[in-house]
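Read through the structure below, which is laid out as structure tokens, and then see the notes.
Chain lettering (A, B, C and D) follows the sequence in which the chains are written, and residue indices restart at 1 in each chain.
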Amino acid sequence: MSKRTIIPFGPQHPVLPEPIQLRLVMEEERVVEALPAVGYIHRGLEKLVEKKDYNQCVFLAERVCGICSFLHSVTYCQGLEEIMSVTIPDRARFLRLIWGEVHRVHSHLLWLGLLADSFGFENVFMHAWRCREMVLDLLERTAGHRVMLGVSCVGGVRRDISDEGLADILRTVDALQKEFDEFVPVVLNDYSIKQRTVGVGKLTKEQAAELGAVGPVARASGIARDFRETGYAAYGEVGFKIVTETAGDCYARMKVRCGEMYECLNMVRRAVAAMPAGAINVPVKGNPTGEVVARLEQPRGEVIYYLKGNGAKNLERMRIRTPTFANLAPLLAMLPGCELADVPVIVLSIDPCISCTER
Amino acid sequence: MIKRVFSNLFGSPATRLYPFTRREPFAGSRGQLKNDIAKCIFCGQCQRRCPADAIVVGKKPDKSWAFDRYRCIVCGYCVEVCPVKCLSMDPKHGD
Amino acid sequence: MLNNELPVTRDTLLNEVAARRHQGYRFVTVTCVDLGDRFDILYHFDKDYVLYNLRLSLGRTENLPSISSIFFAAVLVENELKDLFGIPVTDLAIDYGGRFLLSEGSPVAPQRKPDAPPAQPAQTKDGAVK
Amino acid sequence: MSASSKSPWIVHYNCNSCNGCDIEFVACLTPMYDVERFGILHVGNPKHADILVVTGSVNHRDVRVLRNVYAQMPEPKVVVALGVCTSSGGIFADCYNIFGDVSKVIPVDVYVPACPPRPEAMIDGIVQALGILERKRAGEVMPSAAKPVLTLRPTAAAEAAPAAAQAAEQGNA
């Protein structure tokens, strides 16, 4: 048996945008075992629901994560609406879908850039983030902020999109489609990208199911599972297609996310076309009593909020299970056997969001 | 792709040349909180609703409205609940 | 009260969890609610977008058997329970010793309600992962 | 201007942030804002850096890491704190695992408020940091940045003066 070394990877590392530490047990250049050490971003915000009332907590939920911020607040609001038996107006459901899908495009572009950065492909990083600015500008025009949209509220949404705004969305979506048509095939067929991703970080279908992988990680391993299929918000009316791959390696995860970006654009188009008129929110009276598990599909996978109210204006308990938390166990199954240089690529291929994970 | 290469080489740059040219902020964008103090009735609604405790309203007789922009999370909730609409979000981003 | 809920005890927990595994359920997460005198521990499983929940009522000083031998993915969330609620979880596949999310200087078992004196979670001096 | 303020190198450490500020900071490096125009380079090693950019409030586990990163930087060094979490904790100020704002751990020279600040505001903050870096290089001792609270009172000319005095007082505290 050759000599074993332990290499700490992180928390401050050039390719990691966020602090997570992986203790890599190495045998020469090969990883034998990996152990995560988290807790660098643990804030303890679940406890804050006892101090802030349930309307303020919408903004708290939004700040669980700065990337899928809007979808966190929507999950929280959907949960409370279920407890309080509030039916939100149709227009609000469509607006949530549009903002949610635009958010997904921005998240996937961000991830594509960071992945490219992790293997040193600066051009793709720069180009993906340049396209992402188009999405962020669109969000700022329609919702008022680039990252923290702050438009969701219990009972609907807080801002309407005017007809000009909808036309603006369609224009941006068309421009994005043009950009994607140009650079996504280049990225997927590039020789050097294939060299770094094909066959790296394999996760079989059985492993993915056993370890509870969610989102694109599960779909890249052949599990056709997407919570949007249940048709929450307006997904039932708009309809969508699940993108799956079977290889289960980094390349498959990349392909799944690239396919989803196209799918998001199509859904936004269909939602804008079918946009109903009417109110955007309903007044909500009273305080929540009861418990509920709210679920929703985020860019990284399925998020779960457990909410319990006891009739007071503060909730009794909020618990958040974020997609990256579920994907950490599959990550530990992917790492053994890979080379040290592939570790950043594999870590980024699950699209880790550590601030979600630790809350 | 060749087209993109040429447009990147010879087209105008994608960069916003901040701070030399400043773009107009989008209307409705949430920049920073402003209070039209002449209209303010010091009711304290904004203080109670602020999720980040950034606003402190002094009641009678010593009326005041103190705003800590180093706490404000720019959510706009206070603007929404203000009964006399003296609060507003300036789309400009600070100074 | 959640849909599809089954109350379990400490003795039947592992059998029920194993039964879910044989039925093809996927492990989702564990939620702990501090009721003041007891803990409510909810195990969520999912199959075809339908959640199945096991509810375990646990006394404040009782041990919790780990399900990480059945679903390995539960090991992270069980370490979190140990950290945040100070619940002694036995037979963990990877034991961080109360240093999963928290570190020296952090409050001990911060999400546990204060009315009962909190039990000391097992700690290693250097906070190292065993 | 000396060479280092014409081309300052930046190291970024994410303490406890929700990623909002983080990602916006990385967005500053990308074509739309492109801070490399100013010669700014994002480096991974604190030993090469002149400016430390911190995002997020500090939690108990981060304290040691942040001190370490700061101590490894060569003098003179400037700390830029992005986002409200770094200056007060923002919405997370009451969380149990928050050690405090960044100034409790290391001296901060520039605060950039908002949640998250726009890239334009971040560029402003970094440009301000360059001036401080230059003055530190000349041997000047710079005070830590203030966080003045804006206090408004009912419009009466007599009350305007004490309000300004109080704002300054709170800023120093």
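Keep in mind that, in the parts below, contacts are C-beta pairs under 8 Å (C-beta built on N, C-alpha and C of every residue); 3 or more make two chains touch, one makes a residue touch a chain.
No experiment lies behind these values; they were computed from the predicted model shown.
Each chain gets a centre from the mean of its Cα atoms; the one farthest from the centre of chain C is B.
Measuring from the averaged C-alpha position of chain C to that of chain D gives a distance of 39 Å. Distance from the chain B centre to the chain C centre is 42 Å, each centre being the mean of its Cα atoms. In this assembly, the C-alpha centroid of chain A lies 28 Å from the C-alpha centroid of chain D. Chain D has its Cα centroid 19 Å from the Cα centroid of chain B.
Shared interface positions of chain D, i.e. residues touching 2 or more other chains, are given as 31-32, 59, 61, 90-91, 96-97, 115, 118. Looking at chain A, one finds that residues 39, 42, 44, 47, 59-60, 63, 130, 148 touch two or more other chains. Along chain B, residues 14, 51, 73-75 each make contact with two or more other chains. Taken pair by pair, the chains that touch are A-B, A-C, A-D, B-D, C-D. Residue ranges on chain A touching chain D, taken from their complex, read 11-15, 17-19, 39-45, 47-48, 51, 59-60, 63-67, 69, 110, 113, 125-126, 129-130, 132-133, 136, 146-148, 353, 355. Chain D makes touch with chain B in their complex at residues 31-34, 37, 84, 87-91, 93, 111, 113-115, 117-121, 123-124, 127, 147, 149-155, 163, 170.
Only residues 59-61, 63, 96-97, 99 of chain D touch chain C when the two sit together in their complex.
Listed in rising order, the residues of chain C touching chain D in the complex are 101-107, 110. Taken in their complex, chain A has these residues touching chain B: 52, 55-57, 59-60, 63, 130, 137, 140-141, 144-145, 148, 150, 158-159, 182-183, 186.
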